Structures are given as structure tokens and as C-alpha cells.
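Below you'll find a set of structures to go through.
Each of the two complexes below includes chain A, the first together with chain B, the second together with chain C.
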Partner chain A sequence: MAAKMEDSTRGSGDSSVTSSNMTEIPTVAQIIERQAASGESSAAGGGTGPPGSLHHPGFALFKQGAEARLYRGTFLGRPTVLKERFSKKYRHPRLDEKLTTKRTQGEARTVARARKAGIPTPCIYFVNYQSNCIYMEDLRCATTSRDYIVAVQSVGAGDSFRALQPIMDKIGKTLATMHDGDIIHGDLTTSNIMLKQDASATEPEVVLIDFGLSSVSQLAEDKGVDLYVLEKAFLSTHPNTETLFRIILKSYTKHSRKSKDVIKKLDEVRLRGRKRTMVG
Partner chain B sequence: MAKVKPQDIDCVAYTKGPGMGAPLVSTAVVARTVAQLWNKPLLGVNHCIGHIEMGRRVTGAVNPVVLYVSGGNTQVIAYQLKKYRIFGETIDIAVGNCLDRFARVLKISNDPSPGYNIEQMAKKGEKLIDLPYGVKGMDVSFSGILSYIEDAAQSLLDSKQATPEDLCFSLQETVFAMLVEITERAMAHCGSEEVLIVGGVGCNERLQEMMGIMAAERGAKVFATDERYCIDNGAMIAQAGWEMFRTGHVTPLVDSWCTQRFRTDEVEVTWRDDSGEPI
Partner chain C sequence: MFDMTMLLLLLLLSSYDYNIRSVHTMEVSTTLDLYPDTTVSMVLFSGVTNGSEVRKKIMDGTIEAAVINAQMICDPFQVLVAVNKAVHLDKLDKKKTKTVFGEILFNLSPGNNILAAYQKFGVQDAERQDVLVVLLNDLQGQQLQQVSNIIQGTRIPLESLRDIRDEQQIIKLFKISEAERRVGRLEDVVVCRMATKDAG
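This part shows the complex of A and B:
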């Protein structure tokens, strides 16, 4: 919070959003910088943590998610994130093994496919199918779109919409490219959509992560559900952002070749739940 | 009998929805009638909110992620900024509906309930049959699993690849793993350390056990109730109605209608502050 106060007094000199009345709204680069400085980065940045985990010498745990642990270290001389899927004791051992293997394989395959389709996603260096570990590129200079939206919204309600608009536009375009490549992410949330901006870059880049629930499909139905999952996650994580989400859909519609069928399916899926309010 | 006289009552709470039309209408008519006879204010209550508030009251859970599972609903709910927000839910049929319809395939008795009988048979099952697994982000889908098992059940039984008990076991293990997974995702998402299970399917002890293991692994606590409170009851409408009434809600007579479709996140939660504490 203190950092924000400083920023607001500094003026808009280095802001990528060029509007004079937006002096208080932070840029993606500023958020990344801020998180790196405070060591609170949720997904990337310079946090080093205690050295050496028991199972992965040279790697330090920096995040424990619902089904995987993330370690940071060096692999073949490159800064690397190690993602280890661990066993979930609550489910039947056979089901557990099936899901863990399937998701590790699926993630590795889809990331390769996504990169081929031109979607920025961390490069995979190595996969160990015995221990269900994926070694991938460590995204430096990145933040989650979730953190960015929260940071921008906490500053100003009216201006935040205009500041976030270009980012939403880019997210929509990236999703369009992904679906045109017949890739279904399966778990789109604002935490899985990263914003990366290297020191040399003038604009942030959208990077998709966490393809564990992904699949390959040409069906408009699957793509519609994919967008529906994002819509739900988006609106529940960031209350009162309906207009913001609409920009993503608008940009998606503009950039995707088959958007008409997908958006039609999205409308259908929205009405499918049993207790949805029906109007008309 | 509760031995309560009309003058002991502050207000009349009734279920505004969601639910089946006929029972909702009959209850609304009765509620309107007694409220006018006794000259008491009326309160239309959301059925799902009733489950949540009763669960919190009985278990003492403060700010839990709620898994609401019944024959008509499958939702993962968490409180955020004056609303019970739905983080995950079924995108087709409810988990209880899936279990009930499967019971019909195996001709399992409805006494006392199909879900209870599946639970008892599943205890004797040993073999896990591969079933589709339908988690999509924080949402789940059961219709594919149901179609699959409806198609496959007879041939699996005929060829002795599985017993009816094995099928019950496999279905339970699969659908409950899905429910626990999306609940854990929601907990990670909200940073919550409590989970509350409500709704009829919440009576299932295997589901409670799996949720308990998940919670223990992440240092969280699980809260569940037995069939007295899990299954629909009138007290839960009174409990939610009381929370609403004490924070200024009243339903005017002209608005005392009911509706089959009424989302959990449409209700303004006036009885909790922004951080979730009671007001």
C-alpha cells in the first residue's frame, strides 16, 4: 500500500497508459517491480527462498498449489521452475495415478502444441514421467493478470476500466489464437493468465500457464465451456467486472475464425445450469 | 410440539425458491395467510442460503468454503463482499440426480433413499471401474459419467467384470473425487481454511471422509452435519430468515411470490460484514 502512495505522487512519466488523468493507475511493469521488491510474487520474480529441497537438490519450494508444488532453481544452466504433481490421498490410488499421469502428459503435450500455434507459454525443458515432474522456463518479469486487475481496481474505479481495456483486448486475442489451434485450456482463470514484461519490452505480453486440464478439440461446445469457465472465475474473483469481461469476448469474437459458433455455445452453456435465472 | 404461541413469533419466514413449483406455491400461500392472521412481517428466504446458515449455526464454522450437494444442486460457494458467490458448480445435472438415476439402472431401493443404499453397497465394492472424470476448471459435469455407466452397467454385470457393489463404489469414488477437487481449488483460490458440507448428499460418510483427508493435508478443518440438518428442513429457513430479519430485511406482501429459479448469489448478505464477520 505504501508503494502505491509513492507511485501516485511520482506522475505518469513512465506510464504505458497515456492519459493525463490516469496518473495513479499502475502499469504492468510497475506491479512486477513492486512484487519483486517485496518478494510477494505469486508466480514469478526474484524470490529465492531457502536453498535445496530434499527431493530436488538445488531447487527451492516457492509455491504449493492444490495439486502441485512449484520449485525454483537451475536446470542445465537455465533459470527453471519445477512443477511436481503430488499424490492426493483422498482419492482412490488407481484414480489418483491415472489423473496425475494424464495431467502431466497432457500439460507437456499441450504446451508443445500451444507454442507451435504461437501462444506464449513457458517452454518445457524436461519431463520426468516417473516422478510427475515438469521442468520449465522460469518466467521472469511477470505477474498474474489477477494481481494486476486487483492492483488497478484498488486505485480508481472509473479510470481502471480504461487502463485495463488494452490488456483485456490482448487476452481475448490470445484465447482466440488458442481456440483456433483447437486447444482447450480447461482451467482458465485470471491466475493462469500471466502478464510478462521484460525490461526492454514496451508492452506487456499475455502468457498462458497451467495446462494440466487441457485437451485438444475442434468442438464449439468445448471452446464455449472453456470461455464459460473463465467467465465464472473472472466474475467471482473480480466482483462487478461484467463490462471488463465483455471486452475479452469482443476481442475474442473479432480475432477467432470460428467465434460465431463458440459464442452461441457459450450462451447455451450459461443457460444449462438448473437454477439459473431465466429472463423472458 | 414446540409450544410456541403466535405472540412469541417475530416474523414468518418461507422458502421463496429455488425448488419445485407446487410445494413452493403451497408454502407461500400458508406463510402469507398466517402472517396476515397474526399480523407478522413476512420474509422470503433462499433455500440454498438456508442450508449455508443452518450449517454455519450447527457446526460453528465461521467463514467456510461451502460445498452444497443435493439432488438438485451442486455448488461450491464462498462468501465475498456481501454475497455468497458461486465459485464452481455443475454445468449439467446435480450429483444427487446422477446418483439417483444410477440407482434406477441397478434397481436399487428408494427406501430410505437411493443415495443411502448406494453408500452401503459401495462399502462392499472393491474394484474401481474406469469412468469419465469431468472437472472443468472449478466446475464439474456429471451427465457424461451417467450416460457412460448407464450404457456400460449391464454388460459389465453380465460379463462378471464388476458386481453392482463395484459399480456403486466406482461411481462414488469418481464423483466424490471431483467434488473434493473443485472444493480444494476454491479453498486455494480464496485462501480459506474451513470447509462446510451441506445438502442431502453431504450426509454421505465417504464424501465427508474424503473431504476430511483433503482438509487435513492442507491444514484446514472440515465441518459436516448428519441427516438431521443436511437434508432439507424447516429450521434452516427459520435460521436464515432470522439472520435477514435482524438486519432489516422484510418481504412486503406484494413481493411475497416464489420462484423456481433463484440463484444463491442474488441475495444481499446483510448479516455479515465485508470480512465475513457477523454484524
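This part shows the complex of A and C:
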């Protein structure tokens, strides 16, 4: 099985070589720069010019999910992301209000907890429990690990694996620290793992975002499911990256104190899926 | 020459940061993004000798301002965050303290004890101290005039806060661990703690 996977990895690598022959593998800093040059003007450019939304003057919508809307703007002089949880009309109004506020509060709580454990995550500036808005740091000089992996894979062949190795190592280490702090992210994807590199920094730093589905738990089961969710997301967004994901797990095992139980659980979860069988 | 350009650049940056509307002598004013009808002014006084008198005047209502122990402030942004939250809760009538100014001090503090917040972040008993005065909607500068008449000290630029701040004391009060300290700049660590303190 493993050998087959290795083969397919190599296969895809070869095909990308032919499409864009020996281009150099980009660094994280280069990808950030490239995105800043192309994308940022469309993403409201820090919210200086655009008219902004009706309810949030000065803030421009840039992303909408199932739970919340994200806006960009300026808050007390700092570039800021505004995350607004909206009400769901299909829920009973009372329940809806309670759920929305609880989730906003829960997110703020875990972000604080994660930072205390030493996990870099965007700084929260202000929480409005009335409108369920969280104002937080807009990461500058950062890209999602998803974009980075895609960019590297699109140019590099066999070397892409080696280029991504240190990043994967760091991701594994960050996840280990997070789980050792009994924080379950709940929605680990390569889009929620950011890579930040300031002009002053020599190496990229892993920053976790979106703690909207997070919880606190000591159970190896929950941590195993957390990793399983990442594995699923990772392998479906980035085909033929089994080897890369294995580096994350290896680094996780090395850095986490309780990795043995978690990895064991992960193997268990792989066989049965995320949901536990409820028998008896 | 290089120094001059750096200085200019710094000035430009700082004026961008705080969206300065009016610059009187050493006074920085800005409006709150979420409450554009509220103007915040910050003035830094150095070598203040009459701390207990100032406290008395605050308690009897003569001084309508927040007078903050400047040692406990990392950055003006930290104060603006506290002011924004205080104004927000004031509009909702959900303040924990009696006045907006009391609420500013309370928001700066990591705990939920109002007295402890006043003692740590309010004006001290020390013979000489540096205080940061925060005024709200002082458009004509009358409140500042009044406060300046009471406080015995010299006004210094707001940028001096960085030199005044007592990092060790801040770290100790907020119980910031080594790991948390490494997450980002000290002001960001503190601001995030302040913003999430009522999240439980």
C-alpha cells in the first residue's frame, strides 16, 4: 500500500516537471510577497479606501463561511479582521442567540488559552458579545500553508518534498504543543494553518487561525480525531502528499508528551471514521 | 542625514497609527473607529509629585479623566483598547464600575477586582511618578486645562511611554509565562488578555 502511494507521489511530481521545467522552489517569503503584490488590492487593501459594509463602516467583506463573515478594516489604527457570527434564521431565535454568543465566547477563550500555551494565533483586540463580533489582528506577511504547498508542488519535482519538510516539521511541533495544552482545534485544515514571516524574521512561523470549532479536552480520542480531520483535509486538498503528512505525524510524535496514545487513537479512528460507534 | 529621515519616517508612521486629528502640545487625540462620536485624548505627565491630591480630586469628581500609572502601560494601543471597551459597555449600560474612567482602569487590569485594578493601574502614592491622563470628548481642551492645573508634573511626548513601562511588573501582574511571552510583542500579549478576560 505504502509503496503504491510512493509511486503515485513520484508520478505526479514528474508530470509537473514537464509542465514547468526546472523552476526554483519558492520560499515562504516569496509566496507572501507574490500574494501581496497580486491579491491584496482586491482584498480591500487594509480597508483604507473602500466604502465598507452597512453594519461595519470602514470594514469590507472578504470571506463568508457557514458560521461567520470575515471583514477587513482598521481598528484603533491597526489592520484588523472582523469575524461576525450571524444568526441562523432556521433556528429558534432564543436558541440561536445563545449558541451564537456561546461560540463567540468559546472562540475567544480558546484563543487566549492557546496563546498562554505558546501557540501563535492572531491577537484578539475586542469582542462584542452584543453583535457577536471578534476584532482580531490581521496577519500581515503571511500565507496559508495550503497556498504554499500548492505553490511549491506546482514548480518542484522530487525536490518539493525536501523544501516542504522543515515547514511540516514545524506544523507537527505546533500541533503537539497545542494538544499538550489540551486544546482541540476542531477544524484543522491547511487553510487554517498560516505561515508568517516578517521582514525581520529569518524563518517562517506557524500561526493557527480559526478556533471557531475548538474545545478543551484531555482525551487522546479527541486529539486523535483532530489529527484525523487534518489528515483527511490535507490529503484531499493536496493529492499525493502522504509522505508529507507522515512528516507532520513524526514531528508530532517527537514533540508531544502523550503522543503514543494519540497516535494509537488516530489509527483506531482511521478504521472507523470520525464518529464513534455508539453501541450499548 | 540618515537620522533625520528615520525621524521623519517615525513621525509619519506614528501619525498614521493613531489617526491624529489634533496635535496640541504633546497631546494625542483620536476618535474610536467603532464610536466615531467619541474622541480620546492622551497626555503623558512625568515626575508628578502630588499623587494623593490627584486621587482625592478624582474621587470627589473634580477631575473627569482616567489617570493611569504609566509604568503599567506597554503602548498607547493598550489604552485605546481599554477605552473602546469602556465606551462600548457604557453605551450598553453594562459597566462594572461607576464611571467610564473607572471602567478604563478596570479593563486594563487582568483580574475582576475593581479595587485591585485602581490600586495597580490608578495614580500611585509615590513621591514621583509618571501618569497617563485619558480624556474623553475634550474638544475645547477645557478638561485638559483643568487637569493640568491640578497635576504637578511636566508634560512629555506620548512616545516616552516605551521608556517608562515596567516590563517585569507587567509580566508579573498578568502572570505571563515564557511561552506566552514568545507568541508576540508584549503589548499584543497584554491586549489579547484584556480583550478575552470576560470570556471565562
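The rule is short, and it goes like this: the second predicted complex is superposed on the first by the 227 of 280 C-alpha atoms of A that agree within 3 Å, B and C clash if a C-alpha of one lies under 4 Å from a C-alpha of the other, contacts with A are read in each partner's own complex, and residues count from 1 in each chain.
The rule we apply is simple: contacts are C-beta pairs under 8 Å (C-beta built on N, C-alpha and C of every residue); 3 or more make two chains touch, one makes a residue touch a chain.
Keep in mind that this is a model prediction, so the values were computed, not measured.
Engineer: With the two complexes superposed on chain A, say which partner A:L213 touches: chain B (first), chain C (second), both, or neither.
Structural biologist: After superposition on chain A, A:L213 lies in contact with chain B alone.
Engineer: Go through the superposed model and pick first if A:I119 touches only chain B, second if only chain C, both, or neither.
Structural biologist: A:I119 sits against chain C, while chain B stays out of touch.
Engineer: Once the two complexes are aligned on chain A, which partner has more residues of chain A within touching range, chain B or chain C?
Structural biologist: With both complexes superposed on chain A, more residues of chain A are touched by B.
Engineer: Once chain A of both complexes is superposed, is A:G186 in touch with chain B (first), chain C (second), both, or neither?
Structural biologist: first
Engineer: For A:P166 in the superposed arrangement: first (chain B), second (chain C), both or neither?
Structural biologist: Neither: A:P166 stays clear of chain B and chain C.
Engineer: Does chain B (first) or chain C (second) touch A:Y228, or do both, or does neither?
Structural biologist: In the superposition, A:Y228 contacts chain B only.
Engineer: Please write out, lowest number first, the residues of chain A touched by both chain B and chain C across the two complexes.
Structural biologist: Overlap of chain B and chain C footprints on chain A: empty.
Engineer: Which residues of chain A touch chain C in the complex?
Structural biologist: 58, 73-78, 105-106, 108-109, 111-112, 115-121, 123-128, 130, 137
Engineer: Enumerate the contact residues on chain A facing chain B in the complex.
Structural biologist: 65-67, 88-92, 94-95, 98-99, 186-189, 191, 213, 225-226, 228-230, 232-233, 236-237, 239, 269, 272-278
Engineer: Where on chain C is chain A touching in the complex?
Structural biologist: 16-19, 30, 32-34, 77, 80-81, 84-85, 88, 92, 177-180, 182-184, 188-189, 191-193, 195-196, 198-200
Engineer: Give the list of chain B residues in touch with chain A in this complex.
Structural biologist: Interface residues on chain B, with respect to chain A: 18, 72-73, 80-81, 83, 85-94, 128, 130, 133, 135-139, 173-174, 177, 180-181, 184-185, 187-189, 210-211, 213-214, 217, 261-264, 266.
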